[in-house]
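Two complexes, one shared chain (chain A), two partners (chain B, chain C).
For the complex of A and B:
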């Protein structure tokens, strides 16, 4: 194994550690703005991984994708979120249904679980264990944020974290999908967020709050 | 070019429609564009029938299976557009709630669903599948009431998360294909995958993992239990033409995606694994939805649960496989679409006239709304699977496949659920159709020509296909089945 491969393997592993850190901080943060900043940092780490992959594999398309992440996920989406927070004039509390202590334990358990889940696939895809566990942990945390945070905005953020995990999975295992498909996926994410923003305004206007756990009219 | 035309007509049509502020002009323009759209789809279907699979560029392809689903889209969207022209007399208030927005969004929705059927690439298929959610979310929340906003939000969140899992499954299959030695540019192409799977050595673990994620992901859009939570809300709160589109076209498009993956996975690791999963989801959906039908109060929620049940039936047909199972599943897709549209159209008339969809507040319909009552009875008899209607034929085909494979558990559960659903439907229907008129009974229950004509077409089609399936339709069905072999 060449020096470059070993070095990239190590870099990917340490990037994964930073990603786990953002996950743990995200589940304990009480304010929406903190979570948004953490999401931006998380996307920046993923963008760095994309640049590293593009450099190692000499893939021009991967540079484009990495640049797109910087523009969209590190800058544009967090800014839009801050705009939404100030326009909706809502309280900044995330309305968590688990205490920070519980959340940390759950997040830690999910990180452990993601290591356990990737054990059997490590051999077949030739990627370091940490780099394989990080996307799975991101997907699980995203799902956890969506079910345990009652603010509409936090659910959107949870979805983005989940999407980050899926993107990272594609990046570490296959060096990304074909460029056209990646761009299409970005486009879908953007439109999806736009629509969720529209619905967030509608929820606030119809119900006078943004607490999605109180939307319980439709049952059975 | 021939494949791009239907997509272009739908997308450009949507933009053109946004320009018409006058509701009547917008309606007429929508009908005109709808006519063009259907004609262009029929040209595509005819070309496939004459010349076999067509391919345009790297990302678009149409074969027998997609052309079968295109026929379904064309037929149902035609009915829905004509019905909507009369239905949209009282649009809601709000930014996106005028007829021009309604028709524009419907055409974007149609564009995404047609693109799902035309895409050659599994990545593009995913993008367009997510596009269907995005295009229809505003339509679900069209009325802007509390219920509509809640249903729209739930629809958007549940389906986006579900579809995200399908993306993960797509990536895993891509990984398996690249590891097996396929060229990365072709590794998401369905036709090349089908070609490569028997030759190359795909890692069975990865392929199975991919299928689990794909069936959970697209299964969310199909409405498989337990990922169905969005479906009754969205169907009940959306405007009636949109409910019909969701139930009769969108669910089928998601089923189409699963069928494509099922074919690949069956070739890679044998039919055992994917078909067992389909059977499990199918039986679960049938049983749970069948029981929930009994406790519904809202007519459109009742129909939404019936859609889940029928998606279960189709999944069982696919899961059994074999010539009869596959034939029954495909035929059932078409028959269910026609029957369910007819039922939703009748529900729309009831809502227009009684001002409610609560079944305990509607009675004596036979006197006040004779035509709608007839449609409701025909639609319900068809949807519970009684002869001589067409759903009987397809359900019978699936059931005979189950018996010939000696899968008695599946067959018995199938029959039990059908009888439970029959009981539920007759109980609620008799109460609504017979009895005294309540105080909110409508004075004038006359239907518009646009309403009774589409309901008549759907009813006749149900009866006709139950007695005799036209030869050309059988040929197209066989072409669709040949693709999956």
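For the complex of A and C:
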């Protein structure tokens, strides 16, 4: 039994480091499929943290939430994305407006910024600095992915990364929100994804591409 | 006893290097569903080359003849820096990581000179590309060592490895993870592995390392091939020593040494399998994308150095 406790402690204290790695890999990836796999890995890490929190705080509801993450974010959403990519038949390039080197420097700066932002809260909340900075970094990177990628699919993925960050923030500071709210949020994400998927199809059908930077010509 | 172990480490690095190549080739063959050659094949290749006639281009000067020996000499020095089974090595406490990096650079300098002196067009092209890649890889190479050195407050490998050994295996620090990532990318670029250079090609316009050794034959080619194998093995061993040193012996005894050796083999084979998967799964980058690849490595290593200020553990 002791091993499980050691493992939970370590998951909570050092898994945020792996989240930073997924962030860095996500901003340099050139293909949509790589980003989707990375999102799945990122959600799996967050699910592990949720399981660890549930175990440590003895919260039955948190187990349900963690299981929901595994089902929805690790399996269902990535599969839906792969389905979208193969149905839309667009090029696999993410159409980044920054070069990989620039992106990685920006992501690095945002990680540093998130550490600076949480520094004043570290004393009041009894969690390690890494675990506090990771959600902020996820939120910032999600926003960055949304503004720097021209493909509509990548903007959806950026929104999901941002949502992961918000969930993780709730998890690390208050051990998760009540179950009803969590289920509501998951439902929201799924409906949002459905709507965006439909919207992506419409964009593709009307303009024959998914490059949102070309949509500006609509003004007039 | 310790000195004997140090000599044993250097011998393993030098004599085991062709085996590492053999295992990589075998793994790649397995992943590509080919039969593949035996893992001992590189040894017989070397033996064959040592018995062959040495042909030197008529236009080449004595530089061309001396280069393989210089390269082999610097590579052996490099191998004497890397700890394998105990947190020390023959030269590990005599020189720091900066000497290590520039000994490798010196070997590359010799090889480029030889390639230019050989007089073929491919040699010159390969040498200029090698110079570009190594100058771009130098910053992340040094910075990732700097990050680990700051944490360990030692500039020599023996001190760094001894410090890491005392840490908890589960406490993954951001610095180590970032430094490992960037160092792994540098290792791929420096040893001419797949996304940067294709080690199995011999007649392509994109070749880098193979282009440089095109004019060499016989025993000199054997020396060059052997030293590039030693370089690859030393870099992999360094990744293991700096980031996964747990299992190394601190008190020398026969049982502990054998256990440490077995663990070392397991860790290197794991890295080799990872390398083979990367090599089989990725296409070679265009030459103009290589600076991007190394730019990412530089950014990650710079981030690792910045993170040393954040987590003072």
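We adopt the following convention: the second predicted complex is superposed on the first by the 206 of 220 C-alpha atoms of A that agree within 3 Å, B and C clash if a C-alpha of one lies under 4 Å from a C-alpha of the other, contacts with A are read in each partner's own complex, and residues count from 1 in each chain.
Heads up, the rule we're going with is that contacts are C-beta pairs under 8 Å (C-beta built on N, C-alpha and C of every residue); 3 or more make two chains touch, one makes a residue touch a chain.
Only a predicted model underlies this, so the values are computations on that prediction, with no experimental measurement involved.
Contacts of A:24 after superposition on the shared chain: chain C is touched, whereas chain B is not. By the touch criterion defined above, A:57 reaches neither chain B nor chain C. Which of chain B and chain C touches more residues of chain A is settled by the count: it is B. In the overlay built on the shared chain, the residue A:5 is in contact with neither chain B nor chain C. Shared-chain residue A:93: touches no atom of chain B or chain C.
In the superposition on chain A, contact is made by A:129 with chain C only, not with chain B.
By the document's definition of touching, of the two partners only chain C reaches A:112; chain B does not.
Touched by chain B in one complex and by chain C in the other is not one residue of chain A.
Listed in rising order, the residues of chain A touching chain B in the complex are 120-121, 124-125, 139, 143, 146, 152, 155, 159, 162-163, 166, 169-170, 173-174, 177-178, 180-181, 184-185, 187-188, 191-192, 195-196, 198-199, 202-203, 206-207, 212, 215, 217-218, 220. Interface of chain C with chain A (complex): residues 170-174, 177-178, 181, 292, 295-296, 298-300, 302-303, 306, 310-311. Interface of chain B with chain A (complex): residues 59, 121, 123-124, 126-127, 130-131, 133-134, 137-138, 141, 144-147, 149-154, 156-157, 160-161, 164, 167-168, 171, 174-175, 178-179, 184-185, 188, 203, 205-206, 209, 232-233, 236-237, 292, 295-296, 301. For chain A in complex with chain C, the touching residues are 6, 10, 13-14, 17-18, 20-21, 24, 28, 99-101, 104-105, 108, 111-112, 115, 129-130.
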